Amino acid sequence: MVLENQDNRNLWEKIGDFFSANSIWMKWYCTGCGAIELPPTMTSRFDMERLGMGPMATPRQADVLLITGYLSSKTLRRVIYSYEQMQDPKYIVAFGSCTINGGIYYDSYATINQLDKYIPVDLYIAGCMPRPEGIMNAFADLITMIKKGQANGWRHYQENYEWYKQNQLDSLKEVIIHDEFHE
Amino acid sequence: MMNSMNNIIKQIDDVLTITNSEIITNRQFAIDINSGDVHQSLAYLKSIGFTQLSILTCIDLIANNEFQLIYILNNWELGLFVIVRTIIPRDNPAFVTIINIFPGAKYYEREVHEFFGVTFEGNDSYSKPLLLEIWDDIPPLRKDFDPQVYSDSKFPKRDLDKIYRSKIGGVD
Amino acid sequence: MTVMNFVYGFIVLLAAFIFQTALTGVNRKVTARIQKRYGPRWYQQFLDIFKALRKGSITHGWVFDFGVIMALGGIMATVIFIPVAGFEAFPNMDNVFVISYLLAVGMLGMAMSAAGSGNPWASIGVSRALTNMVAYDVPLMIVIFTLIFAFDTASVSEIAAMQQGMGVLGWNAVRMPLGGIVAFIALFGMLGKKPFDSFIAPAEIASGPMVEYGGKHLGFMFILHELMTFIEVSLILSLFFGGGSSILVYAIKYAILYTLVNIISQVMPRFKIDQAVKFFYRVPLVFAIIQGLVVIFLGWGVSVWF
Amino acid sequence: MTLITVLITLLTLAAVTYLLSLVNSKLGAYFTIVTSLATIVMLFLIKDSIGQSYSLSFFTFKLTTVGWYFSMVMVTVYFTTAFLNPFWIKKMIYPAAYNLFFLVSLIGTIGMFFARDFITLFICWETVVWTSTFIIQMGKSRKSSYVYYVVSAIGSMVTLFAMMLVYQVSGTLEISTAFSALSGQPVLALIVFFTFILAGLSKIGIFPFHVWLPMAHGSAPHTFSPVLSGGLVKMGAFIAYLSVTAFAAYEVFANTFTIMGIPAPLYIIMVLGAISIVVGTVMAIRQDDAKKLLAYSSVANGGYILIGILLYDQIAFAGGMLHLISHALASATAFITIAIVAYRTGTTKMSELGGMIHRMPVTYTVYLIAIISMAGIPPMGGFVSKWLILQGLADRGLLFLAAAAFFGSIGSFMYVFRPLSAVFLGQLAPKYEKIKEANIMMQIPMYLLTIATLLVGVFPNVVLRVIADIQLEAGIQEIVLVGNTIVVSNGVLDALRVFIVFGYGFLIALVIFILRRKSRRVTLMDTYTSAEFIHTPELLHYSSNFYAPFERLTKKPYPVLNLYEKVSIKIKEIGHMAESLFSSSKPAITIFWIIIVFAIFFLGGVL
Amino acid sequence: MKEVKLFLGPQHPGMHGNYSVHMYVDGDIIKKARPTPGFLHRGFEKLMERRLWMGNLALIPRICVVEPDINEMVYAQGIETLANVEVPEKAHWIRMLILEMARLAIHIMGLGGIGGPTGMYTITYWAIAQRDLILDLFEEITGARVYHMYIVPGGVRKQLPVGILDKVSKLLDELDVKIPEYKELALKHPIIHKRIKDNIMLPADVVWELGVTGIGMRSAIGKEYDLRKVQPYARYDQVEFDVPIANYSDGLTRMNTKYKEIFQSIRILRQVIEKMPKEGEVRTRVSTGSALRWTVPAGMVYSAIESSRGEYGYFIVSDGKEMPYRIAVRGASFPQGLLGIEKYLVGHRIDDASLWMDTMGVCSPEIDR
């Protein structure tokens, strides 16, 4: 994603971005293996709360959606649904190689290969899986990005909604599926 | 230990009609059974101490146009595994459920149906999707299913300038 | 009732909010230290609230908005009535029943708004919150009833004033030890601290009533929670721990009381809601009644050190 | 204008209504509104002549403040409920009879509140009982009207016995003088007290007579349930009032064993009141039918009224009397809203409803205000009255009564919230997608009652001044009212100021809310479902077993009902025996045996 | 009675991992439960057929995220059986070291995990920080924190670093002191007892019906059915350890069994450190030639070991080529995670659902694969 250099936010937006940057609540949706490195990141060893981050129970409350690794198409539907339930400004941090290009599962029939075709990703963390230090570092980067007003994935999603929707439908056929779960 | 296993195989051989038996390790042996005898064999094995169904799975023997169903039973008392194998035809694969012998097989059978398309008569929920959602291709674990093709057609990849890929087998 | 009363009221409101929010932030740090970590900045709670207010939000219909406003309005009104170290924005309005029932407006508003979201988790959370209220409030109200009988006044500031001048010995919690225990335990229930937080239990009901709030609604809930904490701790502090002769003493005592509750709650798992009811009706209720009987029939604890 | 004129006018109007209803039942139903409105007007007209006595053949009346107050409460409820009559009249089996009974029961209550002698009291009482019995059985079930009648009959028969006893001793039927003859005879006084108050207890639904309330309220026609709960139940409070004023229980029992300054007999009745608060609350929490829930809440609130009135002092008595009106208004409102929901949807079962707010916002708001009052939350009427009762209890140190009162008032949050959540909030089922809001005619009573509730809550002193007059009339210390402030010995309450500060808080919150970004409207189904998809609103509406954990704690076998059932089975057995005797194939034989038995009996007497 | 449909997961704080249970609830009692797996389905069994025997080494640890080493072990063990390879003595001991350290790590995490559903987060924070110190040692030995790829067919990838054994024994000494603290804090807490004692039962007949193994089985039937004892692999027959058992499998008993297993692991590790050969090879060649040309003789084998949740096994079929013909994975929590939920979560309260998942040890990635 091209980062816009010029800063055309007004003062209120800057203040708002300051608050957003320093208080990031994450919707920790364990979509994949990267989630195993989140407990250490959250708990006493690395203590994510120092950055003002904390886990939240529902997407309505959360600011950032962590895609912790590969996404099966079944999960991607839920991720899109969750993402659309979140309130803007909202950010997505994608963990690991799998979200970038499918990683080790590049030829799997069940997992997607490129996440940013379906939802806008603000920040990728490379690695399989990213270490807690890497995650912390990424969060620090995200904070800087938000402060500078560069984490605009959610705006991009709104502006290119059709494109994203089309990609989603191409890969998933349906997003909000109507199958009432095998009953 | 080897002796006790041999005794067991002998005992089984006396009672059941086994087409073939194979000793894999000193704690593990495999028996081949005609598909019609599977249920009584499993029931018998359960009665002599193979009380736990460890896994129920299937192998796609595409060369013979057959499926091989695998039932692995565990005898905790003796520390023995038995691999019960049976062959069913690959076209219109159908078999009868074993949930009245091993209730735990319910979801294994669902999974085998989903991965190979084997139907299990008597298991009322075998045909429901388990791991996959809105699956629109042949069952994925059959040998003639190519996940790479499926993935390429469904899930677009990042356009990279150059793709490095090694040839399988090590020789380019 | 002049304009100045409203101005004072607003000042109390603002001061209460800032003080309690800062204290919550500090207590997040205390919690972090118990959990062997560094913890957030002390002003993190402010950032969180303002961030939430800044975000976009959704609404499920007018009652979803109205309930939130009604809740915060009711709680704000209650805060205005709270006497702080003898200072009252509206004199003679600090009746303990008024405060505790006006508090219920906030509860009702929140419950209404949560149920209005149409989410079953929220409804379950509300049903638990109301059950929790029945659990802790009855023993607490009986002890407060005993106080009113003993001091012949229902004014919080007067009850607080009567405990002063004798040091620790004057505190109602010391004069009426059983009542003090009940009040202290009930404070956990009021604040929704563990072990009585089953109504927001994330692992069970995904944060219960809060489940659908985001953005400004959630910000309102946070403000509401801070103010409600202020009301509840103030109430217990004034009624049982002697209030404060000056703002400073009040603030220090307040901080100690709140931090103590927080520390204890960190090593507590949560009760199921019916276990909480059973607990409150098995121990504190009996204590409260014994305390009431002692005060009413024996008169112990009313005049200082009988 | 005299009371007699009023009563005769009303009787005439009732007759006119009946005749009109025979022609056109809907017109007659509209006429019930007119008649009840006329009653209000006339009651205001006769207010000045309070203190006078009237007589009409053997009926004697006395115009008292307390009677006027009770009548006003009653008529308000009747008047507002009458607005619903036109919409339900078609569903009644006997529409004309319904209209007639509706008005006659109103007249009966008014006559009863002004009665000066026992005969008048009893006849008016019985009129109300009979007319309401007939109305109740036009509703869902016939059994409930039997239960209602049996409980009422037990009460009134025992009360009749008390009246006879008093007459035997004193030789007069006039209420105020007759009781004074008992002062020297404590045992007799005790019997008279308990038997006399029994009618009141049975009517107000005090434990253990509360069984009829949920049955009758639950199955009465929707238009009559508000009257039953808001109005007729309060007749029992009048009996309780008589027992402390005319009977002067405090003086009569002054020498008996006292508990915290209260004579033991009175304390026993109050404990019954406290038990009914607890039982009513617990049972209300467990109901699934909204009307039954409200009926049980009436049981609980009846307990408050009873305790308040029986305390007979400056504070709690005023609270009890005020609770009379605030509960009457709130309860009638709640029943009316449920009636309207039932009118639109056809059910009062909470588990079948949901999301009505999206179709009936006015009804919802009205219900909300009613329950705020019912739960005793400021700034509504119920708060002031509960505050007075609690302050009164605290003043006297009545710990156990207070414990019950606290439980009832906090428990009421639970049960009043349940219909709010299950009926009005939550997911709207597709089958109710096309429901419409109540029409204007139905909205009128809701507005009236809501305004009244709010007024009582914000300006309670208007009502309390009347109550102060009643206290003066009854000979106890009046409640002290300074401007808008209620001053009691252990606290002050300025309801207006509470309201203003609440408004101030609300305003601040509103301003912050409006200043922030506007929310995006989403559908109800777009909700947090742990990211799973669901398309069935009914499956997302949490309404049945709402308080399951609490309900499990209180799920004990229900002793009183079991006892009643056993008794009723025994009575049925006796009935069957008698039936089998007479309806056997050869009745002649039975009669022959009876003649023989009687003959022996009489001969035995002679011999 | 009207039922409400509630979803425990996939995105619910009470659900560990990406898994969903659809609950039909009346009041607060679960009337019907439907497990919905597949959110983590990556098609491993298909992918493994498309990778080289060697290439699969990178893939297999990712099947079970919380405890990856068991995958390496079963895979290596299976190939060794098929190819008839003798593993060097020292490698056996290093494997035991790795496996027991992994077991320690996941058990400590599981002990802390009780804090999540019951709300006592302090224990969770402590335990996970403690587990991180074990991961540090893993990093030193293998170079990775989570996915080690250390146990390879024919032995282990490389020698142990110098001085690591001292560090391990120092850690064990520390754990000896720390772990009882967790017991004081959590397993002895009266409120925790209220939550999980006599609750979340797993009777013996249910164990056999479902095929539950591991702690759930052993604390229900009271027999030492542990593959380490019953079919000793590596050098488990040369160390002394007890298998904690019980006859009454409620949530608390299972937690206590887990607690006792931690100390047995510590005991095994001490013996491993003591008995491990100081010198010696750690790896032999499985097949001739380049790793990309590895072939494994045709045949099939079921290779199973005792994981923290029970019997974990691979069914490996080789047709003698460079790639496996078929590998089927038996996830240890497959029985309780699917049929167990459907049949036995029913009747519990929604308060207990998350605790049920936790104490039964349901691990979603190994069910989905």
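Note that the chains take the letters A, B, C, D and E in the order they are written out, and that residue 1 is the start of every chain.
What we mean here is this: a contact is a pair of C-beta atoms (placed from the backbone, for glycine too) under 8 Å apart; a residue touches a chain by one contact, two chains touch by 3 or more.
For clarity, every value in this text was computed on a predicted model and none was experimentally measured.
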Given subunit A and subunit B, the chains that contact each of them: E
Neighbouring chains common to subunit C and subunit E, by label: A, D
Selected pair, greater C-beta contact count between C-D and A-E: C-D
Most centrally placed chain, judged by C-alpha centres: C
Chain whose average C-alpha position is farthest from subunit B's own: D
Centre-to-centre distance between subunit E and subunit D (centres being mean Cα positions), rounded to whole Å: 64
Distance between chain centroids, defined by C-alpha means - subunit B, subunit D (Å): 71
Whole-Å gap between the CA centroids of subunit B and subunit C: 60
Shared interface positions of subunit D, touching two or more other chains: 526, 528, 530-532, 534, 536, 540-543, 546, 548-549
Multi-chain contact residues (two or more partners), subunit B: 129-133, 140, 145, 147-148
Multi-chain contact residues (two or more partners), subunit C: 35-37, 56-58, 120-121, 124, 202, 206-207, 211-212, 215, 272-273
Pairwise chain contacts under the document criterion: A-B, A-C, A-D, A-E, B-E, C-D, C-E, D-E
Residues on subunit D engaged by subunit C in the complex (per definition of touch): 260, 355, 357-358, 361, 364, 368, 372, 375-378, 383, 386-387, 390-391, 393-395, 397, 399, 402-403, 406-407, 410-411, 413-414, 417, 420-421, 425-427, 489-494, 497-498, 500-510, 512-513, 516-517, 519-522, 524-528, 530, 537, 540-543, 546-550, 552-553
Interface residues, subunit A side, partner subunit B - complex: 73-74, 77, 100-102, 106-114, 117, 167, 170-174, 177, 179, 182
Of subunit E, residues touching subunit D in the complex: 1-5, 7-12, 15, 20, 22, 24, 26-29, 36, 349
Touching residues (chain side subunit B, partner subunit E) in the complex: 24-25, 27-28, 30, 51-55, 57, 59-60, 70, 72, 74, 76, 79, 81, 83, 102-104, 106-108, 115, 129-133, 140-141, 143, 145, 147-148, 166, 168-170
Residue numbers on subunit C that touch subunit E, as the complex places them: 34-37, 120-121, 124, 194-195, 197-198, 201-207, 266-273, 275
